[in-house]
Amino acid sequence: MNLHEYQAKRLFAEHGIPIPRGEVAYTPEQAREIAQSLGGRAVVKAQVLTGGRGKAGGVKLAANPNEAEAHAANILGMKIKGLTVNKVLVDELAPGGIQQELYLAVLIDRGRRRPMVMASAAGGMDIEEVADKTPEKIHTVHIDPNLGVRGFQTTYLAQRMGLPRELWRQFQDIVTGLYNCFKANDASLTEINPLVITGEGKLMALDGKFSVDDNALARQPRLADMRDVEEEPLTEAEARRTGITFIQLDGNIGCMVNGAGLAMATMDIIKLYGGEPANFLDIGGGARADQVATALRLILSDAKVEAVLFNIFGGITRGDEVARGILTALEQIDTDVPMVVRLAGTNAEEGLALLAEADMMTAGTLSEAAQKAVAAGNAAAAAKATGKRAS
Amino acid sequence: MSILVDKNTRLLVQGITGREGTFHTNQMIAFGTTVVGGVVPGKGGQSFEGEGAIVPIFDSVREAAEATGANASIIFVPARFAPDAMVEAADAGLPLVVCLTEHIPVLEMIAVRAYLDQRNTRLIGPNCPGLITPGGAKVGIIPGSIVSPGHVGLVSRSGTLTYEVVYALTQRGIGQSTCVGIGGDPIKGMDFIDVLRLFEDDPETSEVIMIGEIGGNAEEQAAAFVREHMRKRVTAFIAGRTAPAGRRMGHAGAIVEGKSGTAEGKIAALQAAGVQVADNPDRIVEMIS
Amino acid sequence: MNLHEYQAKRLFAEHGIPIPRGEVAYTPEQAREIAQSLGGRAVVKAQVLTGGRGKAGGVKLAANPNEAEAHAANILGMKIKGLTVNKVLVDELAPGGIQQELYLAVLIDRGRRRPMVMASAAGGMDIEEVADKTPEKIHTVHIDPNLGVRGFQTTYLAQRMGLPRELWRQFQDIVTGLYNCFKANDASLTEINPLVITGEGKLMALDGKFSVDDNALARQPRLADMRDVEEEPLTEAEARRTGITFIQLDGNIGCMVNGAGLAMATMDIIKLYGGEPANFLDIGGGARADQVATALRLILSDAKVEAVLFNIFGGITRGDEVARGILTALEQIDTDVPMVVRLAGTNAEEGLALLAEADMMTAGTLSEAAQKAVAAGNAAAAAKATGKRAS
Amino acid sequence: MSILVDKNTRLLVQGITGREGTFHTNQMIAFGTTVVGGVVPGKGGQSFEGEGAIVPIFDSVREAAEATGANASIIFVPARFAPDAMVEAADAGLPLVVCLTEHIPVLEMIAVRAYLDQRNTRLIGPNCPGLITPGGAKVGIIPGSIVSPGHVGLVSRSGTLTYEVVYALTQRGIGQSTCVGIGGDPIKGMDFIDVLRLFEDDPETSEVIMIGEIGGNAEEQAAAFVREHMRKRVTAFIAGRTAPAGRRMGHAGAIVEGKSGTAEGKIAALQAAGVQVADNPDRIVEMIS
């Protein structure tokens, strides 16, 4: 789960990391008042859970409260990568201006099985690009959870980054704070980009990114409450409530699969045979009728879906039971989107026979199912286009 | 022969009285696994009345291991208690621990794994379907009905995708030595290379199928291992070529982060190491037979 | 540094360990009021930093506030092992009485280099004696600092202790709390003896012991403030302030040594030659005149001291410098207690020559020095006795 | 030959610009130790103007080690920074680290020691006088003037008590191979048995003197080690027979806790293992000569 910039920075501040003064505004008028209280000049920043806000025009400098109000009026309601901006952060500018932009993050190094601090003097840029083009500009240290961040580690980073010596102590406090914040909140990523040296010679976190380990939300109720449900596609929020893993994509073939790996493989094969997956959907273990119905509604809520592919492997749950579940679910749903069911594993043949009796399109292999679904989707799309032209 | 589990496996079930524990203990017993005890703190002295056997319950793994001579355990407890269960099993000195539990926080697993690294315990999982040696023992939830004894070793980060491949093998008459589901979490016990090493050394395994997915770099490490240390043929499939970056695809570990962890990178590394990579799981069976 | 029972129990309570309600009284009247507020019945317990309070009559049950006042009047001012009781803890009795007494402690296992939890069903007794006579009644688990107390470890202890199952969960919380308290406060020992099962079937810490790692007091200012200076021999408090390590003992030969190991060895040799060491004193590195003077005052403040032995090894500091320091210090002190100076190491001969010139008793070996000091002490004692008889 | 330090030792001094660091660096250089660098975070690029040499200062141990080829370091920093300094030296891969700092909290040392156990770094101390190989190198504060080259190895928990014994040896014309002060803290780096093992294997050491004191059970462990693994003669002295129980005798580790850690227990264990134990440090020299 990702947090908003303002949430991230407030968590950073709890661990002693300097952040700009600022408040969240939901209306242009609020933005104006906040800018006023900050002394007039301010930056107005769209709070949406995606990157590229700057390029999309979601971040604007205001010379005075009127400008802040005007910028907020423009930004609020704006769509950035499909997400609507519902709030802006109005922050003071870095006191004395910005001397230099740095990068600092804490994340998990899966290979070393340790938290890792990553720092660079090339801040304010896309760190992926820095890593790609100038990897020598990225410096890392690994943290022993038993020891925490050690002074010599921050000295190493500061030195490699060419940080002025008088800032080493501040830098140590910020790295230590960011790691402690990471650990205390079960983060999977905490990132400050840019961490700036202000005109007054102080370090300050101007922007913040924060990803929480989804598996830790149960023991981090405060963070769970920070979830911005307005920002989430409705379908994904509903899926989460019903225990289904659902991710909305852009394609034309919906799919419903039991198991995450098999679901990814199914998406891949749809693509292999010329379709585009419309979603990732892992329905989990049993494929009960009520879950199948919910999942199907989620898939069909996307108007771009031209066909649906069921791919269920019967293991402990037998294929005939799965088939009955699907048929029961379909009774509850009124749709003319074509569907292909592929069953494999225990009692798959019995299941397929049941489905064939009910006039469902079926398939014995995944390849066959994908081909049928793509073809059915294309046919449906063509029919629709014809229908439209005809009407 | 096979790897990790066989007829000599003497299994403890941690959390035997829960819904999952009960169901799958019966399944394992039905498959022929020797389940020697259950562990449920506070229920020591009671018995698990299985469909095929009566299994004594103990308060602690140590006590259970001493009383039964167990040499492996499987964990069916909720995420909140699973780290404890893993540490307990390692503390009791069991050589093999299989943890099926999903949703364990990463920082917990880092601490557990650091502890296990000081002990002589092998961990499979967490968030995995366990492992199965056809004709030997099933320690996990891989359906016993879809496997058959033979000489293909299989190691996978996925559950049902593995079942798919195993089932296809069985239908074509190709048996398996052992199938190991290492699980979908970012921090885990045995990883690809640990299992590949065992398959390479196992005389009953003639070749290996490896099923990876996006996220992390375990497949890249496996590629390097295959190139340098393996003589047996390895055939792979990597799921997630169509997965968008920055989203977790069901498994906690299945996420493309920036440019790292992509399916393309993994496939390229494997192919460069001489591993044949299927673009469709249906084709794996053709590629090995 | 050791804490009082009431301080220990308050720290335990901060980590969720149930303790009896109660307050500290400095006067009998206060004790009466506290007993009143607790409902009448209470236990009045001397708060002194030594064991054996019970045997010394420092712990009394009171059936009503009047009795509490009377007991407090008896106990306050009492001397227990040389320490004056200045305050009493007035606690409620265990609700419903006591069903069973247990023992629980967290300490450092030096060999395993880990904190260790020690538990026994044989509570309320001297645990050393239990360990000696019935070691099978003591159960231990070691804590990995990275993992903390794990449930299976408390299950193991609870089971071995024969604790009723319905108390296992409470016991887990108490062990976890005691370990967390140990760790958060840099303790070297936290002990609950007895931990009781009350008549109401609850676990409760009736008594508490708490030793803090002296080396951690710098980062535990709150605990440093808990030091009860009234309870400490004045000499030891003054020594601490001046950076000298001083421990008051019961013998007749004072000693002043540079280095802790050498100081212990010097005490041992005094005993070997028939004397009794009056103190342990490590003056540290240089033996500067002002430090020597302070140390000598501390030693001579004990009227039992009949002779003083200086044993200084000249390493980096040369023997002649040390001799000058001692002579300068002696100019500031007016005493007729005989003194023997033993110097060894660099420039020892020059130093001894300087001391001999000033009519000091000197010695080249430790054995010789100890023999001379013991003889001088005996002579001084005899002279004093004679003098007394003569007067 | 000798153990741990010799003419090939290339030493870094962590905290070289402090009062103690400065004084003892000069003493070490005067003795003939090759001091190749100092480490003071924030002072990298400056120089230490020693009495016998000019020593470059670095910001970090890693950098210093890379630039100088150092193979050991000595730590003269306050207790608050000493754990960091030890971990840093181990992280940089130095094979030997000597920490003189006193007053490090026990829980800090437990964490540091757990870290060091995962690395290939030997730690001497903390709260120790360091070690010295007469005619070779001095890494610590044992006075160079009191030692002489020879074949008696010495290992001790104490400082000045060690000097006493070494000086007495030198005065009698008995030289030393290496003298190691392992320090007085309860949790430390190398303990008696670690050093005894090295002396046993060192061809230039003919016999060993061991100086223990009350507290802990390192002497008892050493006794068991001597009995099982040592062929060389060991002579011991244990300080603290007159120390009262429950009081820390200057050293953080020197405390009799209840019935454990007493001098009597240690002496009995050593004697039972065939170690000759002096009742007076003056007698040690007689016992070995």
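Before moving on, here are some points about what is shown:
For clarity, chains are labelled A, B, C and D in written order, and residue numbers in each chain start from 1.
Keep this in mind: a contact is a pair of C-beta atoms (placed from the backbone, for glycine too) under 8 Å apart; a residue touches a chain by one contact, two chains touch by 3 or more.
For clarity, every value in this text was computed on a predicted model and none was experimentally measured.
Taking the definition of touch as given, a chain qualifies here only if it contacts chain B and chain D alike; those chains are A, C. Taking the definition of touch as given, a chain qualifies here only if it contacts chain A and chain B alike; those chains are C. Across the two interfaces under comparison, B-C and C-D, the one joined by more C-beta contacts turns out to be C-D.
The greatest centre-to-centre distance from chain C, using averaged C-alpha positions, is reached by A. Distance from the chain A centre to the chain C centre is 58 Å, each centre being the mean of its Cα atoms.
In this assembly, the C-alpha centroid of chain A lies 55 Å from the C-alpha centroid of chain D. Centroids built from CA atoms put chain D at 28 Å from chain C. Counting partner chains per residue, chain B has residues 111, 114 touching two or more of them. Among the residues of chain A, those touching two or more other chains are numbered 145-146. If each chain is drawn as a node and touching chains are joined, the picture fits none of the line, ring, star or complete shapes.
Chain pairs that touch, as defined above: A-B, A-C, A-D, B-C, C-D.
Interface of chain A with chain C (complex): residues 145-146. Of all residues in chain C, only 144, 146-147, 150-152, 155-156, 159, 165, 168 touch chain B in the complex they form. By the touch criterion given at the top, residues 27, 79-80, 103-107, 110-111, 113-114, 141-143, 145-146, 156-164, 167, 184, 186-187, 211, 213-214, 216-218, 221, 237, 239-244, 247-254, 258-259, 263, 279-282 of chain D touch chain C in their complex. Those residues of chain C whose C-beta lies close enough to touch chain D in the complex are 108, 110-111, 113-115, 127-128, 131-132, 145-146, 183, 186, 188, 213-216, 218-219, 245, 247, 249, 257-265, 267-272, 277, 280, 282, 313, 315-316, 344-346, 365-367. The residues of chain B lying in touch with chain C in their complex are 41-42, 44, 59-63, 81, 84-85, 87-88, 91, 111-112, 114-115.
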